[in-house]
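Shared chain: chain A. Partners: chain B in the first complex, chain C in the second.
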Partner chain A sequence: MTAMAQATLKLYSVLAKFLPPEAHQNKMAIEVDETTTVGSIIRTMNLPAKSCHLVLLNGIFVHPEARAETPVKEGDSLAIWPPVAGG
Partner chain B sequence: MNDEQFHRYARNMILDEVGEEGQEKLLASSALIIGMGGLGSPVALYLAAAGVGRLGLVDDDVVDLTNLQRQIAHTTERLGQPKVASAATALAALNPGITVETHPTRLTPENAAALVGAYDIVVDGSDNFDTRYLLNDICLEQGKTLVSGALLRFDGQLTTLRPGRHLDDGRRAPCYRCIFPTPPDPDTVPRCAQAGIFGAVAGVIGTLQAVEVLKELLGLGESMAGRLLLYEGKEASFNTIKLGWNPACPACGEGK
Partner chain C sequence: MSWTGKILRVNLTEGTCKSEPLNMKWAREYLGQRGLATKYLAEETDPKVDPLSPDNKMIMATGPLTGTMASTGGRYSIITKGPLTNAIACSNSGGHFGNEMKNAGWDMIIFEGRAPKPVYLLVENETAKLMDASEFWGKSVWETDEGLKAKHQDPMLRVATIGVSGERGVMYACVVNDLHRAAGRSGVGTVMGSKNLKAVAIRGTRGVRVKDPLRFMQVTTEQKRVLAENAVTGQGLPAHGTQVLMNVINETGALPTRNFRDVQFEGAHDISAEAMATPRKTDGQTNLKTNQGCFACTIACGRVSQLDQTHYTVINRPEYWGASGGLEYEAAWALGAATGVSDLEALTFANFVCNEQSLDPITFGATLAAAMELYDLGLITKEQTGGVELTFGSAEALTTMVELTGRAEGFGRELGLGSKRLCEKYGRPDLSMTVKGQEFPAYDPRGIQGMGLTYATSNRGACHLRSYTVSSEILGIPVKTDPLQTDGKAALVKAFQDATAAVDSSGLCVFSTFAWTLDNIAPQIDAACEGEWTAEYLLEVGERIWNLERQYNLAAGLTAADDTLPKRLLKDAAKTGPAKGLVAGLDKMLPEYYELRGWTPDGVPTTQTLQRLSMA
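== the complex of A and B ==
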């Protein structure tokens, strides 16, 4: 069996509770294929879409409207922040 | 500048990038600080210490015991006082040579334009999205620079907004709505009261905001405009990402 292609998902602040308990540094490996997009990962991980306020792919801002068609490929790093407004 | 001021600001002025001219500029400058909490406290203290000549403080809340683990402009003795009055006491003790104006009110669509219009630069240390969007829109109308910070749990964010204007490299500057087009549902937004805040994280982000305000007032160094700093306290990591103007932005997009 060949290993699946993997990318990294990082979830911050209150979204960290969606990570598996063994996750370290807010980070987990996710399996990706040619159909994987930012939007599909948000759905598969059961992340509340409204809590995915700031999305970065390899450190580059992904506009909310572009999430559905932005592919996530092997080796990519996807970071998601919830709304942060505390002062 | 009198003798007392010359001594007080000596360590600023010895910096070539500031000098006596820069210090005079700070003394002649004004800043409006929204929220006198975890972010507003260090911002106000450092801007007062640096000699920003006139500070406006906006907050409608009173000092509560649960504030004191991070809101360092306030004291146990001043519990129950309006936050703006408590902070004004702290600032007067630190630097009696500047003017502090207290506005014991919430920022509202009715009062925002007059408040923002009366100061050179605006600092967002508020604790809610309504205020953040309102400030962006008023600063867009008035062409004001807005140094924005936000906190949650162990993490923080910082950016400088020049809504409707340009970055130092000539590109259009993004506004808050370019990055976050629509306000999140209030029920998806945890506040410090529910989610918690690791107190000193407020000091990290608030102090960075003070640095950025002073840089903007002096025209010094690289602006945070067009960049967003993400701080993760648990990992002790700082990452800066680039942000661009969104031509489809509902506030400052093409044709607006």
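== the complex of A and C ==
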């Protein structure tokens, strides 16, 4: 039996509550295959779409309209924040 | 109205305090605070003046909305010629001091000359007098604040003061008000110390009058609702503060690490907002205790933290056990990622000491990072540091050196020079990560290209607050732009610079602009102030202020050659993250920026530009 490919999901701020209790430093491993996209992960995790403001795949912003088509592959890092700011 | 119409002129050499009317023509042209005080400084001093000589002046200035019920309307600024940069210096602070000064009836306080011995200024509404400060000289910010309140038996006094670093010539001393809010950058506290001025203590009860009280109440209430309903100003900033950026900027590969050798820090999460809110293993308590707002602010982004009493820095030192101003993003970056230190409690302690002794934590942390690189290269030795191993990642080096620098003792005197002078002294000027002598804040321009142009053209030296394009390039406010591209960034930087100059002159906090534009701000100024104030006119005022600051710097001897970045950022590509392989593309942006500004290819405002702005 072949192990599923894994990527990393990081959720911050109010989205952190969607992480499992064992999550460390706001991140968890997720299984991905050739059908996995940014949009499918947001749906699977039941993340409220309006809170998924800053969506970074390997540090690069994914526009809302591109999320359904953007694949997430083995070893990728997907990080998501609600609207935040600082300075 | 909204301006008090009065300036307090304090001649420290002669020991006099005099009231004079505000120049209302200049107020119409430069609004207040940053813009108006810069106009006074430019008119009254020679831009070539030695910043630490009695001929330099230091101006504390409020804006027209300072002290009113407009949200965030509690700001004041200190304007002078900066010793760190030899350029215009303007540092902005919140807390309650600005409100108190305005309510005492003063738009500005202009300090001239140098007192023959240490003094402090005591202001009680229209009464102002210089007092002997010998009992406070050598004391910290915290001791001075407490001591002045006790001496005058008035716990409601608001105090702005310098710590020991400002008395002893550390080049980046700030002025701290309300214990842990600071006019932080460019060494404005060093100028204050050079004048033998220890503190300003104010009590103001006169109120602030506005032009149309009913309309002002309606429009400020409406705009407070805008802030409350915005996800950033209503939820994100109060909950997480600026520190939420630590993981964001690290993820985007723009977190300068170990003196900009790297752009991502493996310890970022350990020093982030999330770590501050996580119970410690040692005592089960969180570092973060609560958030805190400045006067009139309905955002309340400030952090209040409490140290672990068993941490090595504070064992048997109860003066550090209370809750105090906690880590904001820029300080956490400079004290942490820049030095490679990931001990959150050590960073919090260092931040407390910066507040206690009036050090700018950005320049201190960045200077220590440069010293660590010099140490790594063998150019600074253990003998010179007093036996401290100045290695990247050493919490002990950080916490030892911040105390030494705060008192300007031992190797702290060297660190007190700032990184430009330090790196020149030890033969590697290229290792100073500065523009015009001032250290960078927490964004690597290889990963956020607009910030490279922001830093290079900032009138007060490297600074994020002069045009915070991170807002657009990373956070998507007001619209998302690509941080790795240079196209369009010249216009973006100019737009941010002009709008921010207007906001910095109003008495409002620039953080309000995560939700507000000038369209939200103009009606508040218009209801409060004489004359007609539109968003379009405020943008013109902002552009006028930017050009005035530029003219001051040119007259001080700066040139287009100073609008540049260190070689490391222009030649050494980022090693990891989205910007891997990229350098800062300043050459692609700067000529377009000059053109958009209406400046010559040498960066000088043309006569036509000055005439358009009614400056010639």
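Keep in mind that, in the parts below, the second predicted complex is superposed on the first by the 84 of 87 C-alpha atoms of A that agree within 3 Å, B and C clash if a C-alpha of one lies under 4 Å from a C-alpha of the other, contacts with A are read in each partner's own complex, and residues count from 1 in each chain.
FYI, a residue touches a chain if its C-beta (ideal position, glycine included) is under 8 Å from a C-beta of that chain, and two chains touch if they have at least 3 such contacts.
Treat the numbers as computed from the prediction; the structure is a model and nothing was measured.
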Which superposed partner A:48 touches (first chain B, second chain C, both, neither): first
Touched partner set for A:59, first chain B, second chain C, both or neither: both
Which of chain B and chain C A:39 touches, first, second, both or neither: neither
Contacts of A:12 with chain B and chain C, given as first, second, both or neither: both
Which of chain B and chain C A:81 touches, first, second, both or neither: both
Contact residues of chain A, present in both the chain B and the chain C interface: 12-14, 25-26, 53-54, 56, 59-61, 63, 81-87
Residue numbers on chain A that touch chain C, as the complex places them: 10, 12-14, 16, 25-26, 53-54, 56, 58-61, 63, 77, 79, 81-87
Contact footprint of chain A on chain B as seen in their complex: 35, 37-40, 124-129, 132, 149-157, 179-181, 184-185, 188-192, 195, 197, 202, 228, 230, 232, 234-235, 239, 241-244, 246, 248
Residue ranges of chain A touching chain B (in the complex, touch as defined): 12-14, 25-26, 48, 50-51, 53-54, 56, 59-61, 63-65, 81-87
Touching residues (chain side chain C, partner chain A) in the complex: 230-232, 235-237, 239-245, 247-248, 251-253, 269, 274, 301, 328-330, 464-465, 468, 470-471, 474-477, 480, 482, 510-511, 514, 577-578
